[in-house]
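Letters A, B, C and D name the chains as they come in the text, with residue numbers starting at 1 for each one.
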Amino acid sequence: MHRMVEDGDDVLLYLDRKRKYLIRVRKDEVFHTHKGYLNLNDLVGKSFGTVISSSMDTKFVALKPTIADYLQKIERRTQIMYPKDMALLLVYSNIGSGSVVVEAGTGSGALTSLLAFYVKPDGKVYSYETRPEFIEVAERNLKRLGLYELVVLRRGDVTLGMEESNVNAVVLDMATPWLAVKPAHKALEGGGTLASFSPTIDQTVKTVEVMGDVGFTGIETVECITRRYQVEAGRTRPETLMIAHTGYLTFGRKYSKAV
Amino acid sequence: MHRMVEDGDDVLLYLDRKRKYLIRVRKDEVFHTHKGYLNLNDLVGKSFGTVISSSMDTKFVALKPTIADYLQKIERRTQIMYPKDMALLLVYSNIGSGSVVVEAGTGSGALTSLLAFYVKPDGKVYSYETRPEFIEVAERNLKRLGLYELVVLRRGDVTLGMEESNVNAVVLDMATPWLAVKPAHKALEGGGTLASFSPTIDQTVKTVEVMGDVGFTGIETVECITRRYQVEAGRTRPETLMIAHTGYLTFGRKYSKAV
Amino acid sequence: MHRMVEDGDDVLLYLDRKRKYLIRVRKDEVFHTHKGYLNLNDLVGKSFGTVISSSMDTKFVALKPTIADYLQKIERRTQIMYPKDMALLLVYSNIGSGSVVVEAGTGSGALTSLLAFYVKPDGKVYSYETRPEFIEVAERNLKRLGLYELVVLRRGDVTLGMEESNVNAVVLDMATPWLAVKPAHKALEGGGTLASFSPTIDQTVKTVEVMGDVGFTGIETVECITRRYQVEAGRTRPETLMIAHTGYLTFGRKYSKAV
Amino acid sequence: MHRMVEDGDDVLLYLDRKRKYLIRVRKDEVFHTHKGYLNLNDLVGKSFGTVISSSMDTKFVALKPTIADYLQKIERRTQIMYPKDMALLLVYSNIGSGSVVVEAGTGSGALTSLLAFYVKPDGKVYSYETRPEFIEVAERNLKRLGLYELVVLRRGDVTLGMEESNVNAVVLDMATPWLAVKPAHKALEGGGTLASFSPTIDQTVKTVEVMGDVGFTGIETVECITRRYQVEAGRTRPETLMIAHTGYLTFGRKYSKAV
């Protein structure tokens, strides 16, 4: 099992929750922080989890980036869904190793990356996007994460139709999800899951209505809220500020009306 | 791709959110509901997603059970974690296809099942439990879900040590997680994730304290709250009652103190 | 200061959170509970806060009912607002001693009672209701609480107009609050507060839109959520179930468009 | 009824939620904003609720400050409780017109002001503070709000005892509320309410424990969370960021152990 840091590896240099740096280790390179610089050579051959000291003797932990770390750090032009939302979407949609999923839109590829990570090694994510500049960003991000081969990026508008059929799940993170419900129904296998994420209640209502009309059952809408805590004996309390809302998640499962 | 219902398949008969039945299709058997009976023969050879009518002409949708459906329906002697908690635990811990995970305690095997589902096809879940009666329940459940081969059930007390080493993640859902933090640190690979779930704040504080002492970084505690909505034009609102608390999730990543 | 229990006083017999009984003390009467009976004579002349034992030696505390106790116990035909919502409404609307308030609809008089309690001794609550059977219930409740003289119950439909003018605040708890916004604007003094409570988001959106059109500023919508805790060293945690939603509160202040 | 703006009146100049200015109207004075200046003479003799234009033709609404407006704007050296918390505390403690209340500590007098506003015209608030510099701030604030005559500011440490007896409620907003529980019990009338506000769970647990020991019943701890909404047809959603935690409110009612 590969666990030593090698030239070319991604490493997350962790100082504290607000100060963590995703770098790619290159021989003879130096990484500068406001707490001094680090010789990246010092990392090569060390285990992940090692503590490395900067020139100013600040200690960073060298971590292997998790998929959630990558999601926080990748190049991004849009941002709405958080890992909490993606986690719920994943499990409630039964997306796992081997799943075949259609996604729209790709955006910067954050959710695409998470889906690709979870359908490994034999699944596939077909991701639609109408704006070419986003497709480029997403491609760069997926390649950086080593997940590109699990994804087919399609330039196209899902409201006009999806090329795929018999897919296990369709995942919508777009401004007008209700327009993609009918194409999603067509693309899904019987019993397959449609999941849609929308920031506003208005988008959600429209989507739920079309889902009922088109042939989805078990429709439910949930909001996932995470509350962080300061945990310390004698001073334990929820954090003062919180992300109170990212969006609503709606799920449903395709059925065939004809018996 | 197998999508037709066959003899021996599990099917979720869905009427509405509160009335869904997980059954195993057996030729010539009849399934009785308070809305009439269903001839299971009628399902064989049909696609999942088909609507089937009972003798009283109530329509059920025949769905392929998702991992979340199974978690709701399996034999259970304990119940604290919900799919929402498991979803966060999974993604925040970077557990995916191929991961090697230690879990304690097994309980009825609900979380074990979810972990097994997500480490497919090449990962492994080593799950510890001290109470033999729970190990039996978990084994039955895992076999029912076809996930047993991904799991090693161990009768043993993790506070005394874990047999594994270099595992990607350790997941604790037990009454005294703080006693398992040191063994978890030993079993983890460098940078590996420890995730712990506890209903009370007191358990959480103790666990966080030991994690800091033993050598975990990036320690954070979150609570995952899901809020369900009644979505219907003109009548949209959050549901009146909600599960307000299941537990706190604490995460941290192993580092090696010696530089 | 009157603090001894007298014949004719209301007393809240408190056993625990789920078992508290609002009674009126009558000489020589006996109050029966599933934990035995209490001789009410035993209470007369005692201080509030006294512990009284039933025939089965269960101990009840004799408390003077608070306005919140009354709200929980009064005869009710509708129930949406909780004391938490009323508390926010009160303070955010600047309703206090001496305030003159219009309310619609009266319903069973729960909110009416709270408003009357807080405008004492010189304020007034004009409360409108279209359904005569509710007016009767409200009158009974207000008399029981000794607050009837602070209230004028009006049978009438506020969407057709309010008789009052220059009032400090208008409070709406009705199915179609948006239809009462214009009459409320007319009834309010300059800068006066309109507060509206609605269970659904749709009612709220309509009301906010009309408020903006008619001439309200500082419009804001909030939801008040209370989370109860089980507090006990070693076992502290939020309660499992919670009332997740009662309604949305919208506030705004009248301005005069003409400069 | 006085509703015209007069020389010496407080006015809240409202532009939007983030830009509102509490001023005192002085003849011939000018108020400068980043949107131009306002001649305060223009306000005198106008109704509250009037729109006034600045030199740059920005329109402000002249509102009579509510108690909640004052709480946002007064000179402050500490800040933990929000109007939402004060509102709950008020109603759950049955504090209203005529109530006699002990408070500790005074701090900048924000909660003191709200209590004074609500006990009008015949109640009294006895407020304790150990730090003389805070007493001065509180006195200035109370005088500014015209509430000073309802309050007795006491320099003293409530953990050593309270001078009052038979009070209706005791309200604690201090670092070590558990040390004031016994003195509070002594100062309260039978059945009177103790209310305590604490940011951390640790303070809350200690306070609840002492309350149980000393003789309080009906003890309960709640957290009041307000969620603000952006309400606009087609774009309705909760606001992204929210104050997730201010503190826990604990309530209990005095009883006399001896029967």
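Throughout what follows, a contact is a pair of C-beta atoms (placed from the backbone, for glycine too) under 8 Å apart; a residue touches a chain by one contact, two chains touch by 3 or more.
Model, not experiment: these values are computed from the prediction.
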| task | Let me have the rounded angstrom distance from the C-alpha centre of chain B over to the C-alpha centre of chain C, please. | result | 44
| note | Averaging C-alpha coordinates per chain, one finds the centres of chain A and chain B separated by a number of Å equal to 21
| Residues within chain D bordering two or more other chains | 201, 227, 233, 236
| request: Quick one: label the inter-chain contact graph as line, ring, star, complete or other. | output: ring
| request: Spell out all pairs of chains that touch, sorted by label. | output: A-B, A-D, B-C, C-D
| remark: Interface with chain D, chain A side, in the complex: residues 199-202, 227, 233-247
| note | In their shared complex, chain C is touched by residues of chain D numbered 1, 3, 14, 17, 20, 47-53, 59, 61-64, 66-68, 83-84, 86-88, 90-94, 96-98, 114, 117-118, 120-122, 166, 189-193, 201, 204-205, 208-209, 217-229, 231-233, 236, 248, 250, 253-259
